[in-house]
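After the structure tokens below, expect a handful of questions from me.
Here the chain labels run A, B, C, D and E in written order, and each chain numbers its own residues starting at 1.
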Amino acid sequence: MIQDLLISEPSLLNATIFLLLAVLFLFVVLGFVTYAILSERKVMGLMQMRIGPNQLGGRWGLLQTVADVLKLLLKEDTIPKLADRPLFIIAPILAFAPSFMVLAVLPLTDKLQFADIGVGLLYYVAISGITTVGIVTAGWSSNNKYALIGGMRAAAQMISYEIPLVMSLVGVVLLTGSLNLNEIVAAQENLWFIVLQPVAFLIFIIASVAELNRVPFDLPEAESELVAGYFVEYSGFRWAMFMLSEYVYMFAMASLTTVLFLGGWNSLPFLGFIPAAVWFALKFSAVVFLLIWIRITLPRLRSDQLMEFGWKVLLPIALANIMVTAILKELFPNIF
Amino acid sequence: MTFLLSVLVFSPILGILLLLLTSKQHESNLKMFGFIGTVPPLLVSLILYQYYASGASLADFTIKNNWIRFGNLSQYDAKLFTVDYELAIDGFSLVLVLMTALLTSLAAFASHSIKKEWKGYFVLLLFLEIGMLGVFTAQNLVLFFLFFELTLISAFFLVGKWGFAEKEKAAYSFLLYNGIGSAILLIVIMILFARAGTTNIQALTHIITIGGVPTIAPISATMKYALLVGLVAAFAIKLPIFPMHRWMVMVHVEAPTPIVMLHAGVLLKIGAYGMIRFGMGIFPEQFKSVAIYLAVLGVINFLYGAFMAFIQTDFKRVLAYSSISHMGVVLIGLGSLQAAGVQGAVFQVVSHGLIAALLFYLVGIIQEKTDTSLISDLGGLAKTVPRLSGWLLAGSFASLGLPGMSGFVSEFLAFLGLFKSEPWLAAIGSIGIVMTAVYMLRAVLDITFGKEKEKYEHLTDLNWLQQIPAGILLLLIVSIGVYPSLLGEPLQRTLDAIMIGIGR
Amino acid sequence: MDLQTMLNYHWEAMIPEFIILGTTVLLTLLDLFWPPYIKRRRLAWIGLIGILLSLLSLLAVLPIEVVSILDDSFRLDSFAKAFKMLLLVGAAFVMLLAESYEPKEGMKEQRGEFYYLFLTALLGAMIMTSSGDLITLFIGLELLSISSYILAGIRKHHTASNEAAMKYVISGGISTAITLFGMSYLYGLTGSTNLKAMSIIMKETVDTQFLYLFGLAFFMVLVGLSFKIASAPFHMWAPDVYQGAPIPVTAFLSVVSKTAGFAIILRILLSLYREVWGDAVGAFSFFESNSIYIAFLAGITMIIGNVVALRQRNLKRLFAYSSIAHAGYLLVAFATLGGQYFLFDTFWFYLLAYLFMNLGAFAVIQVVSGNTEQEGIDMLTGLYQRSPWLAVAMGISILSLAGIPGTAGFIAKVSIFLGAFAVDPGFYVLAAIMAGTTVISYIYYFGILVQLFLRSSIIQTKPKVPAGINILVAVCVLMTILFGLAPNIALDFFHQHFGDLLDF
Amino acid sequence: MEGLYSYQNSYLFVFVFLVIGLMLPVVALFIGKLLRPDKPNIIKASTYESGIEPIHDSRVQFNVRYYLFGLLFVIFDVETVFLYPWAVAYEKLGIFSLIEMLIFVFMLGIGLAYAWKKKVLKWT
Amino acid sequence: MTEVPLSAYLVLALVLFCIGLYGALTKRNTVIVLISIELMLNAANINFVAFSRLGVTPSITGQVFSLFSITIAAAEAAVGLAILMALYRRKKTVNIDEMDTLKH
């Protein structure tokens, strides 16, 4: 359906349909976030031999997150006297909007993709960078030392890991010769890129965890040092926006990982009868699980370890990966 | 034989090398080498004169070598936009070269009064000599300009370092006025060069009188006038012509004696030389129409100089203004456009060179002995230093144009010329002759026979060594005065050429 | 593109660049991995060897015909060779200068960078001279600029140096933006960034609107590049930057950077606009109808540079204004297009002469100011007594800067004048301004000479002259005089190896 | 035409997503405003500093490291801009571009080594 | 929906350029001046890209050029900021007017 719409002449009607579709999708994403948080808590609990949320919504605690959200909605909204008011208000929006915008280009299945733009990958990278600005704005406008330090750390970390992230993608682009995400998926019909680009995959996962500000790279919001990092002054739904954007990014990253390295909606050999959407969902869930798993397993890094790891280990490896891929492609044009 | 001119111009380099190899502490050695350095040019110029006197053609000495070629236009004409290294000499230059070489030797001789940094002094003096000799022998404008600027630079330092109290100021005003003059000159030269493709004087004369070179942009008639005016203006500053004379007075007062000798004797003459050689030589047609203005300027200069000399209290200033006045005579002669007048102008160039050198030499000695050159401070020197006073009187007579001395011949001829062409102007101008006599005698008589001053009672008179320069100069002055052909003969051919050029 | 095609390229055309690039990389790595006890000054010698090797390789590629590689974006034509030679020679001298640069503070950590940033800047300049495409041209320009920004501020702990760099970045950034904006129009109007292709399209354009836009783009590019050569009214940065930057950097800016600036101006503007029409009917060429504006820029630059220089007491500042003035002189040559015949040789020779005379002067300034951080004009007072050799060297450099005959500076100026007058109508006013400002420049140039020779110093210490600087000064002075007296050594070399840059 | 429509529609989608991304926080906050209590007092509005009175301005001067990393990021990120077109067009360009890019990445590597050796990458 | 005309881009670029120039010449804060310079450079980039698609003879070179100029602008900004930092540490100001060590 979307495909047909996309090739029809743009009109106001189209725009309205798009809007409705996008709102629909928004609710899907919000639903994902709700249950991602729940599952995260649940998985964490199970791995730590606890039970996890089990009160609201049956023994699985299915309504726990919903209740949390409602609580946030009812919470009083305070803005510190010394804060830079306009910036303080803009910051959560600035952080959230890009996270949702990047979803527009992700191909979920061969049918289900909203915007099919030629430079999808570049679009993702470019737009996701804006979030950093929102975070720094939040940290700065709060006029609070913890917030400022948190914001600066976040910025430093995000820009540091952005480079290996972006560079690891070059390997994938080299293999497909396109920045279009659909074409990248199509190129993995026979062989997933995780096989051809294992190094890139590793870098990408590590860097994306850092980009998501998740453990072990969650220094910007390190509770024990910085109370709550850049959003220490935020409360209620403003605070929720930051959390929301984090989890939406998790959705986006997991999708992107699936698309780039796990063959997207492509099925495993001989299993083509299973619908593409299911394949995508399976891979996607696996990545989300991986992210949660990492969070539980690994301890938080020190700030200097974090930065030096990014620049001194990931970046050179990423550079080397690019060159090795290019050379291999030159030497074995059939495989690569 | 062609090498002789190169040797003439560049032989002072020998002296420079000698000086550079000498330690800067050895005063007597330095002074000796400095003097020795000036001897080779003198000898060479005498040899040249000897050749000339024995009837050889001066054209044989012409030297011409490829030097600079601008642009890459050889496909049109191999000589286009080239500047050659070309030196030549004719009677006029020969006389001036002789005078230059002689005066430089005398100046070097008179340099015993220099008190410090002899090494630098003599090196610069010899550079100055190269410049002066080059100016008079250069056959193209660029080369001329090169030597011209060489004299400028070396004179700047000589005045600025070894002069009297206000030396730096004097040096600066010398530099600026002459700088402006040379800038104008450079523009004129460059226009000629750019439009004619050459700066050789003969070639230029040919091109200007016949018409432009077809390959390059033309030289319009208006431009010819503009160029001539530019040339005259440039040389007028050097000469100097009122109102551009202030620098020259300053230099004459502040510069060290030997340099004033050279400056008054030779450097000022470059202006006259340039006007005659390039103004009249290259632009004869145009020169005819501006001649009258030159004559008027000449008369003004003559009278103004005389008047100013009359009211000065400092003997050096008197002499400085007298130089201005006498340079007016040159203009008068040139402006007359008569053979006699031009001859007079040329005579004046040489004659004033000798006379001024003599007078400045003497005043330098006076100042050295008495520490002053104010007329009011001096007086009665005839009693204490009779020989000095005697030379001074003789010099002043020469200067005021006493018959039998060179000054008379030149002034007479110049005014003769002007009377022929512009009698009224000449009549006004001749007042100046009387004035000259008045101011000269007033000053000199005051100094020699005026009220005696006690403090000068123990002055020592000139010794025989000091009298040699004065003797040589006076001898020449008198010789020319008594026997003008001594000068007239070598000058004749040049004069003829000029007169043919302006069609008289 | 396969391996075969790649290897078939005439890579030898880029060897000079490759050598510089290689040297830069080598120096960077050595600086990083050498243990701290090895003196970083040794890097300068390696850099110098690199530059000399590059120069040698350039000489080796001199005979080859025009080579155009990488889609015509890199051209090795005579123009490129000629200017690269200047750049390399200049950079070699600057390297010598930098080797012995030893300020009191603020240079300890950055010594390594100091040397290889010169090389990256040089690389940028070299790319500029031989690029045939706007993109590479722009890259070269920025490589040079950005390296220079850092160089100007290389003394991290020195306020003046920081400030100079900041000002340089700001003005440089603005100029870059303006240039780029102009380039964007040029690209838009022609649809190409290749200079050859662009000029073909521009030649055929007759549409008035397009011609108007071409004019707009021309002036945007010119204004932007005027910053680089520091011509008025875009010169404001130069005095501050020259003063604040370390001396070798100042020398680099005034010699190499300026040469490159003129190279790019000639490259872009001439190759694009030489055959563009000035109006829709084709009565005038573009330059004919617009030369008045360039002439205006040139005039203002000369006046501002020379007049403001008069009241400078800081030597580096004074040289900044002097360098502005010289940019003005060169703009005269650009405005007049060298009278068609003399354009490239004028530029080349002028920049060559400027290189030697300016570097000679800067070397002396560096030695004299030593590590005292004082750069006032009084540092030179009485240098003649302390170190005659340095004083004479400085004196000759200054004389050449002033354009006194006998030095290379004179011949260079003569070429400009020739160009100004060889067309009809000549650029008389412009030439008059040039001559007039030259005379004004005498005041401050001779002011330095007065300090050097005529005054006696309070300081008695003899400056210590490192061997490298001695060689540098000797070569500079020698060349200044050699090219002044025998300019055809250079000019013939130019014509023989580069022709008239007809393959431009 | 279809290509063009698809192109325009795609960006229309992007725009729609942008609008929703901006609207969601606004709408949610508006709804929250209707529901939540609003009883501000001075204590609530003061800056949080672990429960004690805030001291000094919080906009303190920062460790220069942050800026250095910022600068480093600008350089490297922009350099990767060149890697993307190259990677896309790699198949068409062939070995020449490979060598070119090897040189380019080598230079980048030197830049990194430089920063490394100059202790720019060292946090603390 | 039709294509945006070339002139719109050109006017946009010109406006940006003028704002940038105005800012660069009048603002006293160095950071703002540097930002203004970026604005000017980006104005040129808009021109390049617009011409490259909608120009008289469209070609890809314009986009390539803009890529290069973006890179260079980044390098320039980096250098500018680095120098500003060095200066700030010594003078404790980013105001251009207070950079007055270098006066005759």
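Keep in mind that, in the parts below, contacts are C-beta pairs under 8 Å (C-beta built on N, C-alpha and C of every residue); 3 or more make two chains touch, one makes a residue touch a chain.
Computed from a prediction, not measured in an experiment: that's the story for all the values here.
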{"item": "For chain C and chain E, chains touching each", "value": "D"}
{"item": "Longest centre-to-centre distance from chain D, chain (CA-based)", "value": "B"}
{"item": "Highest-count interface - the chain pair sharing the most C-beta contacts", "value": "A-D"}
{"item": "Farthest-lying chain, centroid of Cα atoms versus that of chain C", "value": "A"}
{"item": "Chain centroid nearest the full-protein CA centroid", "value": "C"}
{"item": "Distance between chain centroids, defined by C-alpha means - chain B, chain C (Å)", "value": "43"}
{"item": "Length of the line joining the C-alpha centres of chain A and chain E, rounded to whole Å", "value": "32"}
{"item": "Euclidean distance of C-alpha centroids - chain A vs chain B, Å", "value": "94"}
{"item": "Intercentroid distance (Cα basis), chain E paired with chain B, Å", "value": "64"}
{"item": "Residue numbers of chain E (touch at least two other chains)", "value": "1, 75"}
{"item": "Numbers and ranges of chain D residues touching at least 2 other chains", "value": "8, 70, 77, 95"}
{"item": "Shared interface positions of chain B, touching two or more other chains", "value": "none"}
{"item": "All pairs of touching chains, each written as two labels joined by a dash", "value": "A-D, B-C, C-D, C-E, D-E"}
{"item": "Of chain C, residues touching chain D in the complex", "value": "1-3, 5-6, 25, 28-29, 32-33"}
{"item": "Of chain D, residues touching chain C in the complex", "value": "93-97, 99, 107, 110, 113-114, 117-118"}
{"item": "Of all residues in chain E, those that touch chain D in their complex", "value": "1, 67, 70-71, 74-75, 77-78, 81-82, 85"}
{"item": "Of chain E, residues touching chain C in the complex", "value": "10, 13, 17, 20-21, 24-25, 30, 33-34, 37, 40-41, 43-45, 47-48, 50-52, 55-59, 61-62, 64-65, 68-69, 72, 75-76, 79-80, 83-84, 86-87, 90-91, 96, 99, 101-102, 104"}
{"item": "Of all residues in chain C, those that touch chain B in their complex", "value": "339, 341-342, 345, 384, 399, 404-406, 410-411, 414-415, 417-424, 426, 431-432, 435-436, 438-439, 442-443, 446, 449-450, 453-454, 486-488, 491-492, 495, 499-500"}
